[in-house]
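You will see two complexes here that share chain A, one where it goes with chain B and one where it goes with chain C.
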Partner chain A sequence: MRRALVAIALCAAALLALASSADAYLKLGTRVNGRIIGLKWAQLPIRYFVTNRDVPGVSAAQLQQTVAAAFSTWDSAPDVALSSQFAGFTEAPPLGNDNASVIGFLSRPDLDRVLGSTSFTVDTVSGDVIESDIFFNASFPWSVADAGEGGRYDLQSIALHEIGHLHGLGHSALGETELRAGGRRVLAAESIMFPISFSPGSTNARTLRADDIAGSGDIYGTSAFRTSQGSISGRVTKNGAGVLGAHIVAFSPASGKMVGGFTLSDDGSFVIAGLDPGPQVVRAEPLDDADIESFFEFAASVDVDFKPAFYNRVVVVPRGGTAQNVEIKVSAK
Partner chain B sequence: MRRFVAFFVFALLSAPVRATVLVPIEFRELVAVSPIILHGHVVDVRSDWIDGRRAIETIVTVEPAEYFKGDLGDRVTFKVPGGELGRYRTIFVGAPVFAQGDEVVLFLDGTGAAQPHVVGLSQGVFRVVPDRRSGLSLVIPPAVMGRTDVDAEPVVRGDIARKPVPLDTFRQAIRQVIAEGGR
Partner chain C sequence: MAAAVGVSTPASAQTEPRFAVSVGVLWTGTYGAGAAQATETSNPTAGASPLILFTADARVRERAGAVARFSARVGRRVSVEAEGHFSRPVLSVRLSHDFEAAADTTADEQLTEYAVGGSVLVDAGAGAHRLRPFVAAGAGYLRQLQDGNIGVDGGMEWHAGGGVRYRLTSRLSLRADARLLSTNKSAAFEMKRRYLPQVIGSLAFGL
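Moving on, here comes the complex of A and B:
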């Protein structure tokens, strides 16, 4: 994908940027009083407990240290106001409604194929997040070894992903996979929030990518983040009508950074925030190689019947502003 | 009015998104490990406390139109994590959300449990959607339908061969895998 984006960048022209305001990214949301609000922690630091349970290969103390390291990675993102605090060990397992955010291992045979997941309890009147738990599936083999261990999943990588959810981020589609006889594996991912795990033994997902930082900054960014970054807004259309659920990728030829977003309404509109100012190449593609249910609640309405297409010009993102009216026209497969 | 409708649609569709880390299931394996595979309509969805009010789950009832594998009778009830009770909503990110009237193909497992669950959390759910132009019932098939004749092949997003297929085609694909022994 990166090669193709660069090729298009070389022959594209510039689009002048307009206006301001950075808005939506792929963020977790819920309905409150008939409208959708983003899941966001109103009070920082985020206080969390760790379940006092060992699993083969990982003690509770190692789990706590690994989770703390993963929180620290998110908290250290530039110009993002995030902080976290370990509140202590608990005998309570995760996924309970107990007004405490609990992170730990749990055996759930009904959650086969799930390495880890995040849950929220939300007050449907105020919209407040009451708690958020992360569970790691004790049925899988885990490792906290610095260099990873063959046949075991890297706990820090999965913790980093789940903590991204705990902060309010949804999934990213910035990843490439390959099919091998009997299975599918991740070749590369430009986001920690890509939903498919790297193979056991890999430690490739321990550091944030541009897409993660953009998303985190969109939710918790400081004023410095808002004034130093920019955004792109526009639409994806097919035969003049909006396309729902299209994946949009903004690629900076100067830095090599990629940031993704989605069209989240029937009119095909999108906003991608947290972009580096300057030229960006923008592409729309169908989410036809993914488990759409793991991205959107409106999976049945997502349109995957179109060919990938580039915006026909380079988009110049203004510092602290928005490049608007970027319409990417796609056609059916 | 048009403006209102546009806003309403946006409000409905703009957010809830999902999340978890999955180990992907290849289609042939999905068929093999699912004791129950059915096509049907959701007729009831309700949430309830479990484990002595420790957590909320949603109980979904489906009226099967046909079974591809197994048989649980005229009505099938299964559970998904998360749900809403009173003032509180538990969002289990990554869990599928159902509504009354949904038409689905489901891959279920109930081994050793009181109620079946969807295999692979969301990976065992395929929505059936009518095509506005043709009127056909369409299914977005799995990204990888389980070829066994390749060593390694990149999964290319936007592949023109990968598009929604008629329910009948999906039905045949499931039955073919079952006929071949499930794998």
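Moving on, here comes the complex of A and C:
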């Protein structure tokens, strides 16, 4: 077994890079002999430790309860085989290569736009996760109040996001932002895995959305998930050529669920999995609501010079199968 | 359609065939198939209402189809019949109000629709006239297959209406129906009872 420490996922104001795979929303991965292998926990339940350090507004016990609630939210996703187990409190910091997954606070005033971060030690042959650590930046004000607290970030919301990374999910682009002095502000998001958090005081990100469940199911879905859900594959093209890094959204008007994905190769091909069977409408847009580096390591190659566009047919997703050959034609801005 | 047939005239007394088969064309009216909004949860500092990314407004367009029937006279003024019809309606989804100004688009999907059922007809006029009005009601099973026969919507339908039959010869007659079909299992984004107008013109051959 070979090991590699892979520091990934940050929340708050953007970061993260890495990985891509063929399906849906981004999944984290690591390169092995030039090939990307998706990160995945081979052994369940995921055993994790929680640091016994208090920070203003959050005791170690509250941190443990909050992290357990966030794990439970992911574990409860339908038809997804995920489970977790609290292994105890620890003095160890939430980083490093020590065979233990540790979650806790770390003071990182230098990371003034980062609320949390997830790092991994992976088996670089199989892609299996050996351990994963999450730190929440103690330089920010935190809250575990049920209804949130003005001026303080909701720990459960950020923990839910970081645990999504811990499971192997990358960032979703299902969100809208506006540029303001000092950075981007989120207007709305429909995925816990959107890279920029809601404002302090908000508890709106404590529950999983369809996009998150689809992503989790793509990695850890049971056979029931795979036979009950379907997928869409196709291309995004501009003047006949593939568009790399386009954000695709599949929307089921019947259920109101939205699931996002990306074109991940030069030919503009994409696959969105974990979709409800039945009619879906599909939309493509440029990746312009967060730093591209939040999503891809190949940010320089991503094409954002096109107008958002709908696919001009309704796509009927088969149960347990794939609706293929969807070509969304976009034009330059 | 009934008005175009003309004024009835008495026909010579003759025995009507007990059984008849007929084929014809059917027109079914459009219906709203539901509307939906693709929404995202708003950041509380940006607004309380969900952000609408775009809206989808669906209709199943009016369509023509084919119909076939087998009728049996079971009384002086009463007939029963079995019926099947087939058509290819289009589900049209209007995508608009895009938050990032994507051009409004109509996305279509071809459906395949068929129904089998039965009706009871009661003649409303005297038996010796070429032109006979009737009322009819019945039920059936309506099935709509989505693109590539992937998705299926199907369920009971009820219909009621009336029309006229015009006897051309002792064995041949024209028939026009207008009726309302009711179903709560049609291809749509929201399930509810819908009422679809149907007009049928057919040619019947007595056996």
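Just so we're on the same page, the second predicted complex is superposed on the first by the 299 of 333 C-alpha atoms of A that agree within 3 Å, B and C clash if a C-alpha of one lies under 4 Å from a C-alpha of the other, contacts with A are read in each partner's own complex, and residues count from 1 in each chain.
As a convention for this text, a contact is a pair of C-beta atoms (placed from the backbone, for glycine too) under 8 Å apart; a residue touches a chain by one contact, two chains touch by 3 or more.
What you are looking at is a predicted structure, and each value in this text was computed from that prediction instead of being measured.
In the superposition on chain A, A:Glu176 contacts both chain B and chain C. Applying the stated contact rule after C-alpha superposition, one finds that A:Lys307 touches each of chain B and chain C.
In the superposition on chain A, A:Glu285 makes contact with both chain B and chain C. In the superposition on chain A, A:Asp110 makes contact with chain B only, not with chain C. Of the two partners chain B and chain C, more chain A residues are in touch with B.
Of the two partner chains placed around the shared chain by superposition, neither chain B nor chain C is touched by A:Ala61. Of the two partner chains placed around the shared chain by superposition, neither chain B nor chain C is touched by A:Ala241. Of the two partner chains, chain C is the only one that A:Glu190 touches; chain B does not reach it. When the shared chain is aligned, no partner comes close enough to touch A:Leu44: not chain B, not chain C. Chain A residues in contact with chain B (one complex) as well as with chain C (other complex) are 176, 187, 285, 307-308.
Here chain A touches chain B in the complex through residues 1, 24, 26-31, 34-39, 95-98, 109-125, 130, 140, 158, 161-162, 165, 169-171, 173, 176-184, 187, 193, 195-197, 244, 247, 264-267, 285-302, 304-308, 333, going by the rule given at the top. For chain A in complex with chain C, the residues that touch the partner chain are 174-176, 185-190, 198-199, 201-202, 204-205, 209, 249, 251, 253-254, 256, 258, 277-279, 281, 283, 285, 307-314, 316-318, 321, 323. The part of chain B that touches chain A in the complex is made up of residues 6, 9-26, 28-29, 51, 53-56, 79, 81-82, 84, 87-94, 96-97, 102, 109, 112-113, 117, 119-123, 125, 127, 129, 140, 143-144, 147-148, 150-160, 162-164. Residues 34-47, 50-51, 53-54, 56, 58, 91, 93, 95, 98-103, 105-109, 146-148, 150-151, 189-190 of chain C touch chain A in their complex.
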